[in-house]
Each structure stands twice: as structure tokens, then as C-alpha cells.
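Single-structure report; data block below.
Labels run A, B, C and D following the written order; every chain starts at residue 1.
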Amino acid sequence: MGYIWLIPALPLAAFLITILFGKWFIKDSAHWLPILAMAGAFGLSVAALIQSWGAEEPYVLNLWQWFTSGDFQIPLALQLDQLSAVMCTTVTGVGLLIFIYSKGYMHGDPGYYRFFAYMSLFAFSMLMLVLAENYLLLYFGWEAVGLCSYYLIGFYYHKPSAAAAGKKAFLTNRVGDFGFGLGVMLIWTLVGTLSYSGVFDAVGAGEVSDSALVAIALLLFVGAMGKSAQFPLHVWLPDAMEGPTPVSALIHAATMVTAGVYMVARSSVIFASARPALIVVGIIGTFTAIYAASIGIAQNDIKRVLAYSTVSQLGYMFMALGVGAWVAAVFHLVTHAFFKALLFLGSGSVIHAMSGEQDMRRMGALRGKIKTTYWTFLMGALALSGIFPFAGFWSKDEILGMQFKGGGYIIWIVGLIAAFITAFYTFRAVFMTFWGNDRTDPEVGKHIHESPKSMIIPLGILAVLSVIAGLVIGLPPEGGLLHRFLEPVFQHANEILGVEHHGFGALDVVLMIVSVLVALSGIALAYLFYIRRPDELPQKAGKKAGWLYKGIANKWYMDEIYNVAIITPLVEGSRVIYKWFDVAVIDGLVNLAGRIWGGFGKMARPFQTGRVENYALIMFLAVVVIVAVVVL
Amino acid sequence: MEWPDITSILPEVILAVAALLVLLVEPFLKKDKTAVIALALIGLLASAVVAVALGGNSRAAFSGTIVLNSYALFFKVLFALAAFISILMSPRYLEASKRHLGEYYALILLAVIGMDVMAAARDFIAFYVGLELMAMCSYILAGFFRYRIRSNEAALKYFVTGVFASAFTLFGISLVFGFTGTTNYEIISSNLGSTGNATGVAFATALVVAGLGFKVSMAPFHMWTPDVYQGAPTTVAAFFSVGPKAAGFSAILIIFTTVFESSSEFWSVLFMVLSVLTMFVGSVMAIVQSNMKRMLAYSSITHVGYLLAGLAALGRGLDTKAGESIILYLAAYTVMNLGAFGILTYLKTQQPEGFDYSLKSFAGLGRRSPWAAILLTLFLFSLTGIPGTAGFIGKFYLFTSVVRGDLVWLAVLGVLFSAISAYYYLRLMIYMFFREPETELTVKEPIEGTLAAAVALSAAGVLFLGLFPQWIWDHALKAFSNLFG
Amino acid sequence: MQIPIEWYLILSSALFIIGAAGVLLRRNLFIILLSVELMMNAVNINLVGFSRFHETLIGQNFVLFTMAVAAAEAAVGLAIVTALYRNKRTLMIDLFNTMKG
Amino acid sequence: MVNATVDIFIQFFLMIVLAAGMFVAMLWIVHRLMPTSRNPNKGIPYECGVRPTGDARVPYNVHYYLVAVLFVLFDLEAVFMYPWAVTLRTLGTVAFVDMLVFIAILLVGFVYAWKKGVLSWE
């Protein structure tokens, strides 16, 4: 398997060539090289995936000794095991589709070559991240994907909001990276190596004390929180939607944001040995899942709805990790990559059709005009909502089922509520966009058209994947193809945790039915309030006849009652959380940190008077103080 | 009396001859200064080559006052490199500023001699002469643009604070001399060790720290730094930010590990405090700057803070490998900082009147001059400490050594301050790539000529050290193993 | 009879402090230059005194170098003085504060 | 002998602390006591009466300073020549050659100054 170095090398080569010659020579055909490189990387990843089947030990490819410090060595080495193979295949597969999509979406953009160059660079960094053999290289990939993400968020740099969003993403991620860096440093101080096998062996042999393991795990998790947008470091992700839609699909939905999940899964041995940290992971994940979902209800920008849903779904993955359901988390990661990429690309197609309009209040009744987009988007929405038998159903249900069977009833209930809200806001988006009345601006309405083939084909493929992925790799639950495939990776962690393997039984069927019902009721509620709009009927009907007719026509004011009792509190509550908590408190804290530091600077500035006699005086006083301290 | 063995100062002799030749040739030249530039560059190259050739085994000369060993060799090459790059980036800039005089090159060469002597001295007299030679040349260089009030002001500030600080150093040296009756490092060390009284030593330490701390701009002796960097010609500021700093640390390392060896506990604590203070002052002030020359000045103070953390670890024992890490960091810092200043120099040559180094004037650079923007990004990455660049390697080794010295909290603080430093470095990048300029900065020509060579050299250095750190680490190990030989 | 070392020290420290005070308090660059010379000479007294105390010539040797350095310093200082005066017609150092903060 | 120096250092330190303390204290007292009113009129030689015209200092030609600086520098070589002259006989040819090198270096400076026109008095 010596070829695995080619997997990241191909996108890197594409990046270098595109950035060097893009401006003058390649120009409008800048997409070819990156697409070919991604296709090549995808092919190799699939080969690696097949070859790594059943391997007991990870395959390590030593490329080059980077540096040595005493007896401490950092090799530039790649590691391929089942987990990295799955990640590589997902990244390159979804990446390839999104690259193809971008050819149509970004057509005519002045930064066409720049876009493809950065995307290739991102692919390289992400592949390095998943193929790394040690924490330092992982850290390199971690920082590199972050940088690509800032650049791509700020791709439309002439838009001030885009630049601000890039900055915010950067600042928030710094907090996470700081924790992650400290965690890596701590590992190195305590274990003396950074290579995965070395660290895990040491942890398994009990060389590291429990409290230290908890500290390491928590610090690593802080990093994961930053990258995977977990509460309270999630604020950057919704703003990150300022970037082009393919970027949102690839980086901020399918791949980069799952790096945190990957990292925790990769460090499963550490986390399994640090139970308290694992509990924290679960709690944060669960809270994020419901918190972000509740905010999603009141968003009107189609991309922001999807962004909050991404945050929420990532919460599910951490929820799974929190009980040691490593495979379930990876399973959800993969299916989520498919259906969320599909939803984002679909929304991109909508935005494309609507000449850049993103506000759902100015859409509606689009299903007849852009049919393919509608159907594929619907597939994605069904998968996201967790409707049988779509991909999202299997993975989400597995997570919830494992919570229930593990005794985490509260988490299970919270997860169900979040699933309900998810279904609600997802179909709210579907109904507001594709159904109901046409609220589009007439000017825009004239230009509505279906997207070109290069955009439609990836949508179709992803839609198929969103439908069948769960069936193919996830059946039966907790024992599917993916489970058997990934078994060697998590064997050690599962032994430490003592995870019991539940068979598939009647209980699972009951749980499945419950969760489907919950999802369906969410959809139904959305239907009630966004299609049977109560605010339009009363005006027509009110003038005609008596209270009976009125009552019948208004379904006995059930809509209104619902409206007052459920919808209004829900939407208003969501809006309040968004406005007061998300924007004011958390954003405020991020800004405050920057401001405090700046405030120190402003306070210190007057000391630098510009007058040389004061400088001399300070020097003199410093000497006096030092001497005085020494002697006294 | 025997003939002195001048082989161990041959590199300096070559530099001195080159400098004198430059001074002799300069008055006979008209406008074209190629001859003196070539002379200066050849002199630097020859001195480095001779140093490498001679550096194989340790030599001492002048009754042990000056040595040539692998430690001195490391710094001689580093100083020569710093001066080489600074000289390469100068001609276009000086021409654009209408003050292209040959004396400039002679002064840089003479300053390099002073720095070489500082690293090679094993006696306070030689050390002091080296220090002052470097300082005198720096004062004049700071005021090189004689008709500009800012340059005058920079020279004034540097001069007044500089002579004040060096008077303190001198006073401290005289006390050490009075305490031990000699100026030779090793004899002082053994004398001090036997006296057992820490107070007098600590007292003298403090005074020596003041002078050397001034040269490396550690807080609170840093006040001159931003003003001088801002007022001095940019190429000179580039040279100041690396040369005298590295020289100061080269002397600090020797003096504190030999002369004040017996009071290492004391100065370890002293450097801990100063390190935190320096990192804090540097990063807090860098954030509020809008002039990028000043920002780089404050950021250089932050870097000094990291290095001081290394010194604090060094006080905890030589096996922390802090000394090696410090000189590795100095090498990394030299290339990356020179590179960053090189780009500033380039921008100034493009628009001598309009470009004022303000953050705003960098807006849109990514589009107008992508190469300059990309290279500056590389240097800023390195200054931030992104893996793959020299800065990361430097920080990694440095903080590792701090951890080895059981100063985990200090290392954590260092990492925290580097995280903050990312804010002010990357803010510049955001301006370059994501901001639309208010007024268009004209870029007349691409980077070319010697300036291109200077920037390319720095960039190559940053990448080379970042990707193949083993090489420099081996040399640092070798240099430090030979510190006492 | 030998003068006790304390006397040298007292004289030199007094001179040094006076010099330092001069640098810190005076505004005229000329006076500051003179004050710095005073500080250097305080050191010279120290060196010579210790040299006698330890009965070694190293200190006196050192003084020769300090004097040479002091002269060079004075030369550079005067050069800066002329440049400053030419541009601003004053030598009051507190007026040179365009760069700060 | 060394212990005696230790005592000296402690005395000496007290001396410096006292001196510096006095200086700071006096500064502070004066600063507190003095009435501060800044008025440009206070800076001129006569607060009332005739306004002074011109500068009390007669401006010298700037050339004078240059020559003076050069004089100081070249004058200083004598400092090194005295001990050299006294011990030349015992040190022999080596010292002689050393001094030649020293003078040669000074000569370069001289030639430089000459060519730059410092010495031509107009």
C-alpha cells in the first residue's frame, strides 16, 4: 500500500500548479486539474479501503524523518487503517462530486482559479489530517484545514461580512487550537512520543495517570469543539456560510467540521480510559444537538438553517462518542456527509436559480420550476429528518438506540426532541422554498432556471447515496458492514470501556418506530403551519357567514390554537435564544476577549510617551527595582 | 613578545579590511555604488567561508580573550547571513530614498565585526569593545537619513538610551572586576564560585542585564525599540531586529553560563519574571499598532520574551538544552524577520512617498502584487509558528526546553502568547487578501534584483529550517557543546 | 599610605549617580552627553581603584579602552547633535517625540 | 581579601540606594511643592522689559564641529601610544608592527575624511 502518499499528493500538486499558473495560463479551465486529481485520489482511496479490509494492524508509511529532539522523533509518516480509509474515501468521494458541481456553480467568477486552488489545498490538508500517523502531523493538518477554511470563507473578500466571518472563524478556532495544542504538548510531556501507536500503547499499559488522561482528553476535546463547532465554540459556523456554497458543502458540512469527530474517534483509547471526559463529550454533544436545532427554527436564510442543522448533527455524533459508540458516530459522519452535502448543493442550486437570493421568505412554489433540484433536495431532507429507510434514519436511530439501551434515557429523550425539531425545521425549509405561494420577486422570477448538468449530476449521485447508504453499510444496526469493517480500530477502546454488544431485536424495532413517528410528526407540524397557512384563511372567510362556517372553515381555530400554543412560543423562543444567547452572550464573549486585550494595549500605550528622557527613567527605575529586590 | 596568532580573528580581519576598502573606495565613486556593494558582499562571504574553514577545532588568541570555536562560528555565520541579506535588500531602497552612500555598507560591516567579537569574547574588555563597536555603528545607521526628522529622532533615542544602558553595563563589569580582580570569564567564574556571596554577584548581574537587555530589547529596557524601528531606514530596522539581538543573546548565553554560573538560581528567576513581562508588553502593544513597522517592533519584543523563557530554563540546568534551542530560535528568527522586513522594503521602494506602513495600505495587496503578498504570508506564518516553517521549529524546540526545565507554566504562557500573536500577524494577512483598498497603492515593478535575492534567500531559509530542522539542530548542538572550549 | 578602596567607591558611585541624574533630568542633549561622560568616568575611577586594590594592571588597561570608546561616543553624539540642530533648530530632547504609542 | 570586598559591596549598595533615594525623594518633594504654571514668558531671559533678539550663542560654522570631532578622535590615538612608547624596547618588533597596523587603520580614516572634503576650509 505504498501508494497512499499519492492520495494527499495529488491534490497538493493540483494546488501548486493551479496557484502558480492559474492567473495567466489556465484561467477558465482551472477546474480540470483539481477534478482529475480528486478523481485519482478517490480511486486510490477506494483501493486502500478494499485492501485494508480485515487488517489487524494499521499500515504505516514512513516518508521522512522530520526532526529529532533528544530521543524524541517526529517522522513524517502516514498511517492507513480502516478508519482513515473510510475518512479518505468520504472526503475524496464527496470532494470529487463537489468539485464537479463547482465547475458549474463558480462559472464566470473572477476568482475561478483561486477557488479551485484553495479547494485543492483544502483537500490536501484534510487528507493529511486523516492519514497522519502522529499527533503533530494531525496538528499540521488541523491548522492547515483551518487556514483554507478562513480563506474560503472570506473568498468574496470585497464583502465586509465575509471578511468579518473569516475573522470570527479564526478567533473562535484559536481557542480550540490552543486547547488542542496544549493537549498534544501534555501527551508529549507525559508519554514522550506523539505517534498514535506509541501513545495508545502507553495509555493501554497504564503508564499515564487517570487524572492526566482526563486532562489530555478534555484538552483534545476543546480542540474538537472548536473545529466541529460544538457549544459554545459553534458561533463561527453559521457565519461561515458567507463563503461560496460549494465551500459550505465540502468544508463546513461534509468534511472539515467532522475533523473533531474523527480526532476523538481516533483517540478512542485515550477517551475510553478517561471516563469523566467521555461524559463531558456526551453532554456537550447532546446539548449542542438540541440547542442548535432549536435555533434552526427561526432562521430565514436557507444556508443558515442548514448550518445550524450541521451543528446539531455534529452534536449527535459527539453524543454517540460520549457513550463509546464510536462506529455509530463514524456511521453518522459518513451518511451526514452525503445528505448534508446534498442539501447544501441543493440550496446552492436554488440560490443559483434565484439569482443569489437566500432568504426563504422570498421563495416558494419552486418545485415545479426546478424539478430535479426539488426532488434531490427532498431526498436529503428526508434523510436529515431520519425517515425510514433513508441514510440518516439508520445512523441517527443507531445513535439514539444505543443511548436507550445503554440506560441514557434522558439523553435519548433529548435526542428525540432534537430529532423532532430537526424534522420540523428541515421541512419548514422545504415547504417555504418549494411549496406554498410564490413569494419571489417578479424580476427574479423571470430568470428561474434549472442548473447546468455539471451541477445536477452530483446532486443525483448524492441523492442516491442519501437513500441507499444506510441500507448498504448500516444493516443490521450495530452489526452492519461498517461495524465489521471498523472493528479492529476500536477493539482496544471497546475492551477498556467494556461495551456490550446488543443483538438486533424487538426493542430495536420499537425504538425505530418511535423515532420515525417523532420525525413524521415534526414534518406534519411543519406542513400544518407552513402550507395550511392560518394567517391567510381568516380574512377571506370572516366576511361570509356566521360563526359555524367560520369555525369549520378555520378547522375550529385549531390552527390558531396551535399557533398561539405551540408555534409562536417555539419560534419566538428560538428567536430569543438566538438573539440573546447566541449573539449577545457567546459572540459577545468572543469579541470581549479581543477587546480586553486591545484594552490592555490602549492602557499601556500612554507609557510609550515618545520622550526619550522617560525611557531612560524607566530603565533606571527598572535597574533600581531589580537591584533592590535582589538585595532585600 | 611573540607574534600573536591572528588565525582565530581572521574572519574579523577580513571584514575589517573589506570595511576599510569600502571607505577608501567610496569617495572615488560617483553615482554607481556597485563596487562597494560587491566589496561588502565579498567580504561577508569570505569571512563566513574562512570562519567555517577554521572552525573545525577550537582556537584561542590574545591570552584567551578571543576564541574561535563552533559556538563563535555558528554566530559568525549567522551574523554574516543577516548582514548579507540586509545589504542585498538595501540598494534599491536607499536609491528610492535618495540617500545611497557607500558608508552605509562600511557601517554594517563594522557592526558585524562588533557582533562577531561579542560572540567570540571570553573577556569583558573584548566583549565591551565589541558591544560598543556594534552600538556606535547602529547609532549612525539609525540616523542615516540625516535630513529626515524621524530618522534624527530615532538616532537620538537610540543613542541616549544606548549610552545610558551601556554605562550601566560598564559599571556592572567594573564591579565584577572589583569583586574578582580579573576580566576573564572563566577565572571570574571560579573566583565568584569560591566567594559564596550571592548578593554582590546578583547586584552585578542586574547591572549587566540592564545593558544587554537593552540591546536585545527586553522589557522594561525595550522602550526605544518601536520608535527606532519606525524612524530608522527600513533596511536598517531589519538589520537591527536580528543582528544586535542575536549578538546580545550570544553574549548573554556565554556570560551567564560561565561568569554568573554560580548564581544561576537567581538569574533563572530574574529571566522568568522578565520573560513574562516582555511577552506581555510585546503582545499587548503589538495589537494596538496600526503602523506595521511598529507592529513588527513590538512583535520582536514578544519573540525576545520567548527567548528569555529559554534563558530561564537554561538557569535550571544545561541538560534542558535551552541554550541550543535559543540559538536555533535565533537562526529561525533571523531569516523570517528579515524576510518580513524585506517585503516592507519592497513596498516602500514602490512608492517612496505614499506608502506609510499603515495597516490600511496593505489592503488589496494580494491582488496587486500576489508574490509579495504570498511571501509576506509565508514570513508571517513563520513568525506565528505554523508547522512547516522555521518559526514552528524554533518555538517547538524552545518551549520543549522550557518544559524540560520544569517550567511548564511558562511554556503554557508562551504558547498562549503565540496564540495571541497570531491575531496581529494574521490581521495583516486579512488586510492583504480580504480588504479593498481605499486608495490604490501603485506597484510599479515586480520584486527584482538584489531585493528579490534577499527575499528569496529568507524564504528559502524559512522553508529549509522548517522542513529540515535536523541540520540546524545538529549545528546548534555542536555549537553549544563547544561553548566552553 | 594607600587610600582605602571605599573612598574610590564612594567617589565613583557618587559620580555615577550624578551622571545618571544628569541624563534623567536635563533636557539639553549637550548636557546629557556630558553627563554620560561623567558616568563613564565614574566607571574609570572604579576600574583604576580596583586595579590598585587587586594590584593588577587589567583595570588600567580597561580604562584605555573605555576612554577610546567614550571619545567615539562623543563623536557620534556630536554628529547626531549637528543633524538634530540642522533640522529642528533645537537640542531640547523632549521636543523630539513625534513617534510614540 | 575577598570577604572584605563583600562588606564593601554591602556598604556600597547602601550608598547607591541612599543616593538614588535622595535623588528621587528630592525630585518628588520639589515636584509636589513647586507651583506649576507653564508660560512661555517664563522661559525668556527677561520676564518683563525688552524682548531679546537674536541668539546669545554665536553660531559657529558647522565645519568647526566636524574638525573638532576629528580632532578628538585622532587625539585619542596618543592614549594608546604612550604605553606603547614606554614599553617598546621590551616588546620589540611585534609591538612596532602592531602600531603600524593601528596607524594604517587611522590613516584610512584620514584619507576618507580628506577625500570627503572635511579638511578643506572654505
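Here, a residue touches a chain if its C-beta (ideal position, glycine included) is under 8 Å from a C-beta of that chain, and two chains touch if they have at least 3 such contacts.
Given the structure is predicted, the values throughout are model-derived calculations rather than measurements.
Of the two interfaces, A-D and C-D, the higher number of touching C-beta pairs belongs to C-D.
Note: centroid distance chain A to chain D, computed from Cα atoms, is 69 Å.
Between the CA-based centres of chain C and chain D the separation comes to 7 Å, rounded to the whole angstrom. Measuring from the averaged C-alpha position of chain A to that of chain C gives a distance of 66 Å. Each chain gets a centre from the mean of its Cα atoms; for chain B and chain C, those two points are 26 Å apart. The residues of chain A that reach two or more other chains are 605, 608, 610, 612-613, 616, 620, 627, 631, listed in rising order. Shared interface positions of chain D, defined as residues touching 2 or more other chains, are 5, 13, 16, 20. The set of chain B residues touching two or more other chains comprises 156-157, 160, 164, 175, 178, 199, 203, 226-227, 288. Chain contacts here are complete: no pair of chains fails to touch. Residues of chain A touching chain D in their complex: 624, 627-628, 631. Residues 13, 16-17, 20 of chain D touch chain A in their complex. For chain A in complex with chain B, the touching residues are 23, 65-70, 72, 136, 139-140, 143, 147, 151, 154, 157-158, 162-163, 166-167, 170-171, 174, 177-178, 181-182, 185, 188-189, 594, 597-598, 600-602, 604-605, 608, 610, 612-616, 618-620, 622-623, 626-627, 630-631. Taken together, the chain C residues at the contact with chain A in this complex read 20, 23-25, 27, 93-94, 96-101. Chain contact summary for the complex, chain D toward chain C: residues 5, 8, 11-12, 15-16, 19-20, 23, 27, 62, 65-66, 68-69, 72-73, 75-76, 79-80, 83.
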